[in-house]
């Protein structure tokens, strides 16, 4: 296990490094000189040249990359060409918001999917179980942003029960923070929950056919007890894999949901960066998102091993 | 003598298809009974119906009593108290019958804690049980995960689980089929040695011959012949038993009779009357009426018995 | 629903897109009772930083000018130039020297007193340190001199009608000599508000300046909430997240705010001409006939009705009705597809219509495309990320055939006088008219500009789709909302809540 | 169980068929020109030749939906096509040399690509080359490659240990020949299922991209953009959002059901490769 962990950690670092190269190379393709953009259309060539050297964009790409990557390793994302503000703290703030959004959505999805999926599997022969299956299929077919729009329409605009958007830092007002996040969490969680419900259902269904569940019942457990004690942990193995994929999907789904709910998260920062041609900012945000996905994959792989002694 | 297990008129069906028909037999205390038949004969369903572990949608009717307690048609909550304590079962497939994520010792201990033993006590006894089923270094095995054990070892673990609460009846469903031949033999000896009373399900006549005292032959969801092993195997009366024996090496006269023609029909496709008549070389129009299982000691249900 | 608001200037005038606003805010509603009334106002474009001396765009002056920074003069609601930090001013007979008498006892929010030295410092800095194209508007200044602590004389190279007007824009904003170390994050001005907090990506809060020299505003604080999505901004007002939508970006949705017991709608004009620009510098629009054909081919009434819910006004040239020299030129090119086809002489064209990805532009483009298709011009719509990509491709490189953008800057007809401007319009006659107008007497100025506007329309230098409306929706009880948006700033000083 | 499976296949097939039919018919006929702006028909109520009414531009909703189906399928086909054409050979190669460096390399690169989700790629591509249908399709396609490679690899690993492959290998057939003649046909069913599921995901991705303004360019009808454009009228004219929303749901549901149905129908054994829902 330790060997595996070391090896897998190595892969994570190597992938992250490779991702950094890809992201940097991709951004280098962006048309437009940041210095020219920053100075506007009627800047003098001297001023542009000066700013270029100030930004460091007049250096060879390799040098620029090493400088950037070296900074990243120390948590320094550089200074924005557009706002003149250091990028790291911005990303830090936004990452916190997005993380809360995504993790909350995930938890909600799990809270929906585990009971519903298990129930649907246990009762897969009766109407209610089938109804859950159909509902989850329908849930998958609805884009998250549409769910968000509808939720706002119903709960914020019509019922006036919750805010339609915005984000209040938890330190400022915990109650408002929570109220503001309910609908975004729901729009992410409902759709992801629908997807996850199907996986949970099929995993539980698979487990229910396993011989060891019959063994457990032969020991004197009831059907529910056997499933609880022996089934769910086994069923969690395929679900954890899917969960990893879903987290990555959620991270991106958050971009859209942030737009719908006016939440200042990473997605908002990314789209702003693109619109403002804030090259270094976009580069930093993309890198963080990609690294997050890689990290999630790493965690899932390790969790997989921890859950399943056969792989240790 | 008073029987340990009394089964009367046991039928098992799914939807409109009857899979086991009107089964009656008894097992005395300490008696080892074999239940034999090809796959699809309903023998496994019979065992599962006794355990109350029938798959969803499959229902049993009739009565089965273990020491005065009803097993069939009773609430799950009541049967589950008997499972693992009064009667227990060893399944066919040792590779998948154990939870892959749980240590072996814990799985053995579980059956004891479930029936009231303290956790610590159960753990200690689990190691003893593992030793009793002749697993070497039982303490180490207890800490192992199932995938670290061989098939034979796992089946011994299953046996340890089954024996943990000193049940009055042990049901074994093809416990050795998936094992290597050499391992099989040790396993059978072990079962014969440790079993209190035994219902042993198999398609292998030789196994029955070596373990059991009495045998029930099933075909098409019915018992077609029953009696002491020696007698049934040397003087089969039902034409199906005769065919089975012929197909095995246990032919009574050493001469090979033609094996049974055709194959076992799918559930619900058995003919009316004598269920074997469409494959029986001796069938006559008389066989369109179902024969009753008659005879004392050695009973059979056939209009045209052998010998 | 994307961002709006940027401007760029050339030759002393500005181009931009609609100011927009949005706001939202958690602070809003119900909240501020008597003592500390607060309001949350929704805007569209969030400033990238707070330094409008080096960053283009309307977002910064919209938030800070008049509110945080003040100039010597400002524009009032009727478009008149009125005193602000200058108590009064005198113009010499040759119209080249302006003597400003400064208000006394004015201090910056840093505590430093405001003196003539600051005026000289601020105006000199425009030429030396500002990085905006519009700074050339003040090139006309010859020198700025301090006469005494409260008197400043600005001498011009030549008479200019535009000078005082420019002084009312951000160019005339007064900075403290000791307050420019971090313009991007820490504005120091003399205005009634100071920067409270800035939650990037979400909102900016302005709070009352306790040491303000003038009448304190009714509100103790204003939150400017930024929304990229028009629907999100609407929802925020509907649910009480904000009190005011500074500029409606989804005019079809106004029906939601029809209940007079809850909401009020203010509709007026802006300086924003939504221009269908055509690249005069390359085929096919280097041909006046083709450009004229486009103007005939477009049914402006239908366009305004479908693209912007009929809100706004039709215009025929680059002059809004609030300017003194406005003339109705909408009759110059009546909708006449037959005439358009005739002008095209049976030829068909395929052109690139590269537009900013802003709601009004995307909506209008679809109508324009459909209408041009009727006369044989295929316009391929390509929305570009606004501002960066549109500015780069269309505005800077001029790599486009057609575009649609709201030129929000006041009195911006002059952009057509610069042949390097992205219109690539080149008619020396037009430039002469504008130059003459700037130096002329008031009456002659108006005549010259009327003539210039007519020339622009006749030449079909561009098509003028409509005048962007000033559409404000607010909760009932909010007062002091400007009917017409004619200045760069959104003036929070008059806002109050009943 | 069997009966349910077939029902899924039937319903899925019907829904997909509906979308395909609408798209095909739109090539020859739509009730009206889907992009023709007509102020006189602005927000026209359904009826009288305008079955589903018209939008704020006076464009016929039904015609837009039909051509929108075309856009949707177009995006799906190209994106899934890219993913299948690139991902399958990679997965095949990795599956046939499970312990080689090639396999390791492919799967690592795969993991790396997987870290760039479709939306991120589309935003990046859109920023560089301008947003549009093509960049959206490429982004979705590239982001889907890992899914195909993984599935192809998993299926290949299973097929490689079957007797006939062992026999072919023993007979000394060349690897490429084995791959094309024996492995590919046997993993075909899994790939078809993956294609169907990916198609559904691609439709959702396109809708999200159009919503953000990184998708199909106006005025080409696209369901995602119809939704986005209808937002401001959600209160007064909800049908404008209802129809495209329904269309997206129908298409996604259709492809998902079709995928599940095909999986059961083509090869129940292989269903475990993808976690095997619904059997």
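The first chain written gets the first letter, and so on, giving A, B, C and D; residue counts start at 1 in each chain.
Note that contacts are C-beta pairs under 8 Å (C-beta built on N, C-alpha and C of every residue); 3 or more make two chains touch, one makes a residue touch a chain.
What you see is a predicted model, and the numbers here were worked out from it, not measured in a lab.
The minimal number of chain-to-chain contact steps leading from subunit B to subunit D is 2. Centroid distances from subunit C, each centroid being the mean of CA atoms, peak for B. Here A-B and A-D are compared, and the pair linked by more C-beta contacts is A-D. If each chain is reduced to the average of its C-alpha atoms, the one that sits nearest the average of all protein C-alpha atoms is A.
Subunit A and subunit B, compared by their mean Cα positions, are separated by 53 Å. Rounded to whole angstrom, the centroid-to-centroid distance between subunit A and subunit D, based on C-alpha atoms, equals 22 Å. Subunit C and subunit D have CA centres that are 44 Å apart.
In whole angstrom, the spacing between the mean C-alpha positions of subunit A and subunit C is 39. For subunit A, the set of residues that touch two or more other chains comprises 31, 149, 157, 259, 271, 274.
Residue numbers of subunit D whose C-beta contacts span two or more other chains: 126-127, 231, 234-235. Of all residues in subunit B, none touches 2 or more other chains.
Annotation, chain-chain contacts: A-B, A-C, A-D, C-D (touch as defined at the top).
Contact residues on subunit D toward subunit C in their complex (touch as defined above): 35-39, 42, 56-58, 126-127, 130-132, 213, 217-219, 231-236. Within the complex formed with subunit D, the residues of subunit C that make contact are 2, 230-231, 234, 250-253, 255-256, 299, 301-303, 305-307, 309, 357, 362-363, 365-367, 369-371, 381-385, 389. Of all the residues in subunit B, the ones that touch subunit A in their complex are 51, 53, 56-57, 76-77, 80-85, 88-89, 91, 93, 96-102, 110-111, 114-115, 145, 147, 158, 161-162.
Note for the complex: subunit C touches subunit A at residues 2-3, 8, 10, 24-26, 46, 48-49, 55-56, 131-133, 184-185, 199-202, 225, 227-229, 231-232, 235-236, 238-241, 385-389, 391-392, 395-396.
The touching residues of subunit A, counted against subunit B in their complex, run 125, 210-212, 214-223, 229-230, 233-234, 307-310.
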